[in-house]
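Each of the next two complexes has chain A plus one other chain: chain B in the first, chain C in the second.
After this line comes the complex of A and B, so read on.
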């Protein structure tokens, strides 16, 4: 994956330096929570949220799915630790690093750019910093992580990364500001 | 003459003149003009021709309800037909042309239609063109199609940019007049998020034109102050040039923002479609003035009374020097007073009411204007422009009492609330007898998911024609909407509106009330579609009693203005003709959008490169640069064949098959679905999903499996590998990955929620390469890293390992009938891995192959393909796949259905191979012809072709097909249809054409 970028009225950049793991498990289970917490050192996220610590991100995907994101350099260590901590529990942990593409939007108007493509309420009160949401970007599935007030990470499937990059470049075209 | 006045013009900037062209003529206007205002200022009253009779048409209104002033706007990539001059802002360089005439606007030969109008009554087309039947398609329709139509169809590709915007709020207010502003202000005070949209460039609606005072100040000042107040609130979004276009279920609404229609080429998108989700919608959409139905009311110069004063007050434009006002209400007196004040002549006000009006009439009399009570217009004089009117008694039949010269007639038949948005989602109307109008029935609103109303109508649109009542209504309902949407109740002051007292109107549906046929057949209801009073009466007489039928028979209200001016008048005429009350006739259906919106705004960003997402495998770009002829497969692009220089697609496919059979081929199989299933109950789960047993598969081994829907029909297949005690990996078809994943999740979540099974779709995590052909093992052994020998990795086994330095999982499976491996590596390394195989494979004659080669090789082996041999009606037993249906299992999805009598039955079409006697290829989908005909007189059939190819291996055509009792009829010769040719004879054979013993892959 390339690390392409585009400067519109919001900056769009692809970030390929992340590994991602999908954990299917009963997230209500205290054993699961404790195991994940001990292996990652990150607080367990509540519904619709992300928790981040030392570069490792836990994102709530559904009541039985967690997305774990970590810089590539830390990935192998984290995976080994997770596998050990979850040993014997009914879970499915899969490496999905290569199945996904990640882009970073940055700039003052990131929320409205998201609002052009994703049918979700992007208002700060409804989607505060730290929120995580599964949605769609125009015609493809995706997920959004509100990292900072002016910085959003978005995730899509690798097969449609060209489409998603073009989509966001188009949405940030200077002159197309909505300016709520 | 219409011209620019030295005075008035509150919306124009006289310091900023603009130049534009109309039909090639250069004209001048001012910034702030609508195109209609600019045209009138240049004495261009004639703006178009009507649809049916090509009669000359002038502008009649000043807003979105305009039926006549439709123009071709712009050129080439910026061309747009049917643009309304009344809602088009004039800008420097604007290019406009009139429509629906030949050769010119001033002289249109088709205007002869008008002279023979008595031969073209309602329903003429239906009556005339039905005889003889065959003439419609070949003679009448082509001619009518050519002569009909208003604007030209755009020819060039749209050069502008469009986008969508998803917006969420609690209260959406549609309409930025004083009622909308008041409603928004009241709602905003409760703290909820408010969206306020206004379709024009200006706020305040009619109030500033009509001399309304609010809180003791001129309306304009209150509007500015209220707008400033709203603008600083961070819970309010306000947007002008944005029309609330449609209301849909569940608080969904569309708003249509015209961003750069008036500033083309400035780099901004042209339109933005707001897709709004809100809890409550308040519509403050105002009201539309009704025309009066008198003879000659379509002659250019006859305008709505309020529109006449709009042009004077807003744009400083005089539609004419001498204006006769004709009315049934007090409001039109304002037009007379405005004209008088602007120094223009008003020779007479004709008030159809015998008693006349109130204060406004007194003011008119005081201003020295002649007022005639109980009088109406018998007929307007003039052709392309009004020259005068003939006055008559409203109570009579139209005897002319007097002729008065004038160049404008300002008519007012009362006001109709704009109830469209209320009605879009099911809001009902009541007939207000006193005001002679349909207004929203507050007891029958459109209902939301909770059973409560989610739309409220305020102000003029709710039937409150006076400003004090309109503002009070807006404040109350704005607060109620906010409360219903979760806002905190807060008391806000209601702005007090003041305007002149008015006496009630008298309904006038025909002028004079006893007008003769001659007059009625010149009294227009629908100006654009040329529907007259006499046409609606004829429709009623001929039995079209339902308003919906009468509409379609006469085309009343079917024009681009959707009857905004004509509907109420039309159904009043209809009610009279049927001798029933107006509410008993009812209205036609109000459908979104409120006025036409651009198709491109609906498409949004989805055009050109972004029209549709294309899924790409990790090796996509390599294929593209190596001659790939693409095929769309389930959103992916797969290589159909790799074309070498000078090759046709057919030649490439034949070469790929031969090379793979004789040497070595590579297939990009990354699109295959890959689903991991894990858990203590995973084996039990897969035994339910597949027709055969998966729980007893040994780790390290693979098994081909079939999946059926609960109705027993085969709907996916693929190889399942058991990874460890609790883990299986299921391969699905390329098109089936997402579908089968969802299918598994559905059963796990809804039916077997207590089974301990997890599922993850890892399709895109892996690049998968088929290494196929007699030299496959040689290549892998050359690269080294793992033992791929027949002993260690036998047929239908898999192993994790390394090949050429790539961590991988290798499967010994074959869909081609050759020695074959499928090797999965992480997707990010897929391209690298592929290139390594290509380079290292050169000495073994490696060539990539595409999906058509894959198809031919599997057909030569008699392997089925989901979507070819299956079509949703085929069960595995039809395909001779009984061996893959477990008899040991208690249950699997589809088992029960397959036991039904017509499924568990040998009397079905079943899979066989087919060989033409002459070696040619059968047509795909061709039917086997049986004796006799069916009840419909169609030839009976006894089978059909499901797959057919030219096999380079066999050197002849091969096919598979489903044939009645096929396997029992080996050797029989059947006749198959061939389009446009004689049937083709083909023999029933085994579908395994190549290597029937299966020795090739098992080496």
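After this line comes the complex of A and C, so read on.
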């Protein structure tokens, strides 16, 4: 997987240096929360949010699904730690790195580009920094998280990565600014 | 555009992100039930013009099934609630009563 990029009025870049793990478990359980927190060193995210610490990201996907993102270099260590911490609890932990693709949008107008493609409220009051949302980008499902005011991460299935990359390149094409 | 608030992920979702699941609060009649009950469970659906209780799935979101009380004629939404219930919760009933006094739907009122 190559890290392709495109410079429009917002910069689009693929980020293949992240490993992703899916944890299916009851996220309301204090035991699960404590185990994940001790293994990752990241605060447990509340509903609709994500938490980041030292490159490791935890994102709230649904009441029973957590997405754990970590740079590839740290992945094996983290996975071993998680498996140990969750030993004996009713969970399913799976490496989904090869099933997903991640893109990074950066620039002053990232909210507008997101608003062009996803049917969601991108206003800072509704989607502040640190928010995480699962939605769709044009025709395919995806997830988005607001890392910084001018930096958004996009996650989609690997099978539709070409579609999503092309979609965002088109949305950031010079001359297509709305700038309301 | 119909917009529903998913009670699981708490996000406003429009109908393009949702999957419709038909009428809510069906009672299942399986093996051993009478032919009439089984037929009713499979085919007998209300199709009201006005207040309706429906199942929806947060398809492009958290993936959970939830229930919604809405008006099929005006698209007014009275409320959404979690699917782990056999009847609409009191808050939803009160919200409907405030807007549509004397409402009834199947066995609920």
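The working rule: the second predicted complex is superposed on the first by the 180 of 180 C-alpha atoms of A that agree within 3 Å, B and C clash if a C-alpha of one lies under 4 Å from a C-alpha of the other, contacts with A are read in each partner's own complex, and residues count from 1 in each chain.
We take it that a residue touches a chain if its C-beta (ideal position, glycine included) is under 8 Å from a C-beta of that chain, and two chains touch if they have at least 3 such contacts.
Keep in mind the model is a prediction, meaning the values are calculated, not measured.
Visitor: Quick one: is A:61 in contact with chain B, with chain C, with both, or with neither? Answer first, second, both or neither.
Guide: A:61: touches chain C, not chain B.
Visitor: Which touches a greater number of chain A residues, chain B or chain C?
Guide: Counting contacted residues of chain A, the larger count belongs to B.
Visitor: If we overlay the two complexes on their shared chain A, which of chain B and chain C does A:48 touch? Say first, second, both or neither.
Guide: second
Visitor: Between chain B and chain C, whom does A:136 touch in the aligned arrangement: first, second, both, or neither?
Guide: second
Visitor: Have a look at where A:121 lands relative to chain B and chain C in the superposition and call it first, second, both or neither.
Guide: both
Visitor: Examine A:166 and indicate which partner it touches, taking first as chain B and second as chain C; both and neither are also allowed.
Guide: A:166: touches chain B, not chain C.
Visitor: Examine A:22 and indicate which partner it touches, taking first as chain B and second as chain C; both and neither are also allowed.
Guide: Only chain B is touched by A:22; chain C is not.
Visitor: Looking at the overlay, what does A:88 touch: chain B (first), chain C (second), both, or neither?
Guide: Neither partner.
Visitor: Residues of chain A that sit at the chain B interface in one complex and at the chain C interface in the other, please.
Guide: 119-121
Visitor: Contact residues on chain C for chain A in the complex?
Guide: Result: residues 8-12, 14, 16-17, 60-64 of chain C touch chain A.
Visitor: If we count contacts the way the header does, which residues on chain A are in touch with chain B in the complex?
Guide: 1, 22, 24-25, 64, 90-92, 94-100, 112, 115-123, 126, 138-140, 157-160, 162-164, 166-167, 170-171, 173-176, 178, 180
Visitor: Mind listing the chain B positions that touch chain A in their complex?
Guide: 161, 163-168, 193, 237, 266-269, 272, 275, 277, 604-606, 609-610, 612-618, 635-636, 676, 678-680, 756, 758-760, 762-766, 826-828
Visitor: Per the contact definition, I'd like the list of chain A residues that touch chain C in the complex.
Guide: 47-48, 61-63, 65, 119-121, 133-136, 141
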